[in-house]
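Following: one structure in C-alpha cells, then a few remarks.
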Amino acid sequence: MDERISWFPIAERSTLSSETQAMFAQLEAKLGFVPNVFLAFSWREERFKRWLAHFDELMKPSPGLGKAEREMISVAVSMQNHCLYCLAAHGFAVRALLKDPVKGDRVTIDYHRAGLSPRQVAMLDYAVKLTREPAACSEADVEALRGHGFCDEDIWDIAEVAAMFNFTNRLASAAGMMPNPQYHGMAR
Amino acid sequence: MDERISWFPIAERSTLSSETQAMFAQLEAKLGFVPNVFLAFSWREERFKRWLAHFDELMKPSPGLGKAEREMISVAVSMQNHCLYCLAAHGFAVRALLKDPVKGDRVTIDYHRAGLSPRQVAMLDYAVKLTREPAACSEADVEALRGHGFCDEDIWDIAEVAAMFNFTNRLASAAGMMPNPQYHGMAR
Amino acid sequence: MDERISWFPIAERSTLSSETQAMFAQLEAKLGFVPNVFLAFSWREERFKRWLAHFDELMKPSPGLGKAEREMISVAVSMQNHCLYCLAAHGFAVRALLKDPVKGDRVTIDYHRAGLSPRQVAMLDYAVKLTREPAACSEADVEALRGHGFCDEDIWDIAEVAAMFNFTNRLASAAGMMPNPQYHGMAR
Amino acid sequence: MDERISWFPIAERSTLSSETQAMFAQLEAKLGFVPNVFLAFSWREERFKRWLAHFDELMKPSPGLGKAEREMISVAVSMQNHCLYCLAAHGFAVRALLKDPVKGDRVTIDYHRAGLSPRQVAMLDYAVKLTREPAACSEADVEALRGHGFCDEDIWDIAEVAAMFNFTNRLASAAGMMPNPQYHGMAR
Amino acid sequence: MDERISWFPIAERSTLSSETQAMFAQLEAKLGFVPNVFLAFSWREERFKRWLAHFDELMKPSPGLGKAEREMISVAVSMQNHCLYCLAAHGFAVRALLKDPVKGDRVTIDYHRAGLSPRQVAMLDYAVKLTREPAACSEADVEALRGHGFCDEDIWDIAEVAAMFNFTNRLASAAGMMPNPQYHGMAR
Amino acid sequence: MDERISWFPIAERSTLSSETQAMFAQLEAKLGFVPNVFLAFSWREERFKRWLAHFDELMKPSPGLGKAEREMISVAVSMQNHCLYCLAAHGFAVRALLKDPVKGDRVTIDYHRAGLSPRQVAMLDYAVKLTREPAACSEADVEALRGHGFCDEDIWDIAEVAAMFNFTNRLASAAGMMPNPQYHGMAR
C-alpha cells in the first residue's frame, strides 16, 4: 500500500527494536497488516511503547465492561471528535465484537438509534459528556451509572477509556493518520 | 489533610507495590506531599504505573521544547477544558519553571496576553486548536509550526502533550480530583 | 424486516395510490427493497409525492455537478446533522457512484481526509458552511466557487442540494427513521 | 424596484412558462408585488415549481395546526438561522394572521416572551430543537407534543414545516435574497 | 397599559424622587410614554440614576460616531443576545435616526445584508466579536478600525457601547422586561 | 511599572480633575497602587466617573448578598468571558474577602469544585446562565433563587452584578488592559 499515512516521518522497520518488529510481524500474521497508527507512531518508539502498554492494559475486558463496550466508547468519543482513523479502525472492532455489522455501524454513526440497552446508552452518554464538557461532570453522574449496575471499577474504566480516545483522536488528527484501507470493508 | 480528593476509592498506601510506595516517599521528601492525582489514580495501580511511564517520558525536555513550554501547553489545554486539578498543579509548574510568578499566572489565565514570543503563542494556538476542533487540524498547521523553527519531533511533541492533557483533564474531572491545597500558593 | 422504522404511523401499501404502489414495486425490483424513507413518509402521501418530485429533479446530474458530487454533498451535510438514515442510505450511494468503497466511506466520515480534489473540497466546505451558519454565507463564497470552475447553475445546485439535506436530515431525525439494514453492507 | 435581490441571475419574466407568469400576475394583483423569493428562484423554473408545489401543500392549515401556527414555526426557525428574507416575509405573515402586530413582532423576535400558550411554546421549542440539534430529537419529544393535544399528523407537520424552513432559510441566505421592502411595513 | 413589564416589583411613581418623577413626565410629554426599562429599573432608584447617567453620557454623538451608529451597535449586540426589549426599543431608534424604516429594520435583523458602508460593517463586526468572544479581541482589531478612519475615541466608544448593551441586554432579560408596545409600530 | 497597560492613550494624571487625582492618591495610600483599570479608563474621564459611580453603588454589600458573594459573581462571569484583568483583580478580592486563598482560587477557577454552599452555587449558576444565554433566563430562575432564600433585591443584584461584569470584561478585553502585577501575588 503506497498511501501516505502520516504528515510526520515513518520509521524504517529495520531501525525499530526487535520487540517492536516482532509485534508488527505478529499483527501481520493475525490481521494481514500492521495498523497504521503503529507505523505512524513508532518513529517515537519509546513513547509509542509506553502509550501502547497503557492502552492495551486499559482495553482489557472486565466482567462489568466487556471488549465490545470498551470499543463502543471508543467510537462514541471518536464521532464527537470526528476522527477518521479511529472511526474506521474501531468501527471495525465494534462490528466484529458485536458480530452484527448493521448494529455495529449504527453504534458508530449514532448510538442513540442503534438499539442498545439503557445501560449501554447511559455509559455512552457519560463518555460523550466527558468528551464535550468534562468540567460539567459531577458525582451525580457517577451515582447515575451506579444506578445502572456499574461498579466503581467499571465507571472509572468508562471514564479512562473515554479520556484515552480523547488522546488518540487528537494524536491521529494532528498527524494526519490514514486508516488502513482494509478496515473500511472488514466485518461488513 | 482530610479533604476528600476523589469520588472513587483511595488505595491504602500499604497495599500498593513497594515501587509505588517508594515513589510516594520520594515525592513527599521533595515536594512535601504526594500529588493528589497519584493518590487518586493508584487504586488502579497497574494502569496508573503505565500511564505515568508514558507521561514522564513525554514531559522530558528536548532542545526544541523545554520543560516550561511543555507545561505551558498543559495549562493552555487545561484552561480550555476548565480542569481545576491541572490548572492548580501545572499552573504552579509554569510559575516555577518560568521563575516569574506573574507571567506564569498570566500564561495560565490567558496566554495571548502574557508577553510570550510569537513562537510560543503559535505553539499554544496549535495546542488549543487540537483541543477544540481536532479534525480541523491540517498539514498546513504542521507547516506553520515549522515556519516558527520547530522541528518534526517538536511538533509531534506539542501535539502529544496537548493530547495527553486532554486525557488527564478528563480523568481528573471525571474523578472529582481536588488539587493539593499547597499548589495554589507555591511559586507565587 | 420487522424493525420499527418510524415513530409515526406507516401507511398500508394497499391504501396508497396506484402510482406510489407502482413506484415501490419498481424499487423492490431494482434495489431489493423500498427505501424506508418512502415507507415512512408515504402516510402523508400528497406531500411525499410533491417532496419527491422536487428531490428527484434536484438530484439529476449536470455536466458541472455529477451524481456522485450531489451525493457527496448529501453525506457532508448529513454528517453535520448526525443523520443516521441519510448517512447510511447516501453513504451507500457515494460508495457506489465513486466505485470506490474506501474513498466513499472516507468522504462520508471526513471529506477533508478522503483524497478529494480542491474543487470538490471547496464545494463541500461551502455546503457545510451553509449548513452550520447560513447567514454567514456571502457573495464572496459564490465568487470563490466560480474560481473553482463552477458555473452559476452549479453553485445554485450545490446550495439547493445542501439545503435539501437540511430538510431531509431533520424529517428523518424527527420521525426516528431507521435506514434499511441492507444499506450498511452494500457497495462495501 | 431597482434593488438587487439575488447574487444569481434573475429570469426575464417573458421567458417563464405562462403558468408561472400567470401566478406572478395574480400575486401582483393581490399583494401589490411578486415576492422576491419567486423572482429569485424562477430562473431554475422546473425546480422552483416543484418546490412551490410542496411548500404550498405543506402550509395549508389543518384543524390542529392553523395558518398562524405554521407561520410561527417559520419565524422561530428563521430566527435560529438569522434569515433576513424569511424573517421579513413571514414576520409579516405572523403579524397579519394573528391580527396583532405587537404580538406578531414579539413571536418573531422571541416567542418565549410573546404571551403564547404553553401548547404553542412547546410546538416552537420542538421546532427550534429540530433546527439546532436534530439528532437529539427523540420519541419522547413526540410524546410530549401529544401531551399538549397535538395528533400525529400535527406533530409530523410541525417537524416538516420546521424542516422546510431549514431548506428555505439556507437557499435564501445562499442566494443573498433580499425581501421586498414592502414586507417590513405591512401589518404594522 | 396593564401588561406585566417585569418579574420584579415596580416602584409606585409617587415614591420616586422628584427628579425621577420629573424625568418620567418629560418622557411622557415627548414620547407619549415612559420606556418600560425606566419603570422596571427605578425600584432600585439610586442605581438606576447612576446607570442612566453613564448610559446617557455614552450615547451622546461625536463627529466620528453619530447617534444612528451608536444605536446600530445596540441592535447588533442585542440580536446576538436575543434581547426582546432592546431590539424593540432600539430597533425603533435605528429606524427613526436613519429616517429609513426598511434599512433600519434590516440593520436590526442582519446588518450584513442592510446596505451599510464597509466602515459601518467593520464597526458592527467588531461589536459582535466583542460580544461573542471578548478575549479574542486584539490590538489588530483596533488597528483595523483605525484603517476605516475611526479615531481612538471612536473605537473606544464602539467598544464601550457594545459593552453597555451586554449589560442592558442581560438586565432586561433577567428581569423579563417587556418593551412598550408602541415601540413595535413606531417609525415604520 | 513600565508595562504597557492599554492599547488606548493613558491620561497624564496632572490633566485629570482634582477629584480623580485625589481618588488615585487615596488608592495608592491604601493598596500601594492605582488599579490599572482606573488608569486606562480615565482618559475618558467623564464616562469613567459615571461608570465608577454606578459600579461602586452596585458592589456595596447588603444583608442578603455580601461583598464576597458579589466578588464571587465577578470571577464566575469573568471566567466565562476569559477576562485576564478581572480574573487577576477580582480573584484577589475573592481570596482576600474569603480570608481563604485556596478556596478563593478555586472559586475563581471552578466554583463548582470549591466547596461552596448550594445557595452560593445556585447564585453563580444563575450568573453564568445570564452570561452565556441571557434570553434563556426565565421567571422560573427567579423563583428558584427565592427558594434558596434570596429576596427580590438580592436576585436583582445578582443579575445586575453579573451584567456589570459582562460590561467590564468586554471593556477590559477590548482595551487590552493588563492587571497590575501585584494582584497576582496578593492574598495568596
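First chain written, first letter: the chains are A, B, C, D, E and F, and each begins at residue 1.
The rule is short, and it goes like this: a contact is a pair of C-beta atoms (placed from the backbone, for glycine too) under 8 Å apart; a residue touches a chain by one contact, two chains touch by 3 or more.
Every value quoted in this text rests on a predicted model; they were computed, and no experiment measured them.
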- Message: I need the common contact partners of chain C and chain D, sorted by label.
- Response: A, E
- Compute the distance, rounded to whole Å, between the mean C-alpha positions of chain A and chain E. 51
- Could you put a whole-Å number on the gap between the CA centroids of chain A and chain F? 44
- chain B and chain F have mean C-alpha positions lying a whole-number Å distance apart equal to 29
- Note on the structure: Residues in chain C with touches to at least two other chains are numbered 82, 84, 110, 135, 138, 176
- Message: Run through the chains and report each pair that touches.
- Response: A-B, A-C, A-D, A-F, B-C, B-E, B-F, C-D, C-E, D-E, D-F, E-F
- Query: Tell me, which parts of chain C touch chain E in their complex?
  - Reply: 135, 138
- Note on the structure: Counting only contacts in the complex, chain F reaches chain B at residues 79, 82, 84, 87-88, 101-102, 105-106, 109-110, 113, 176, 178, 181, 184-185, 188
- Contacting residues of chain E [partner chain F, same complex]: 7-9, 44, 46-47, 50-51, 53-54, 57-58, 81-84, 130-131, 134-135, 137-139, 141-142, 152-153, 155-156, 159-160, 162-164, 166-171, 173-176
- Message: Could you list, by residue number, the parts of chain C that touch chain B in their complex?
- Response: 110, 112
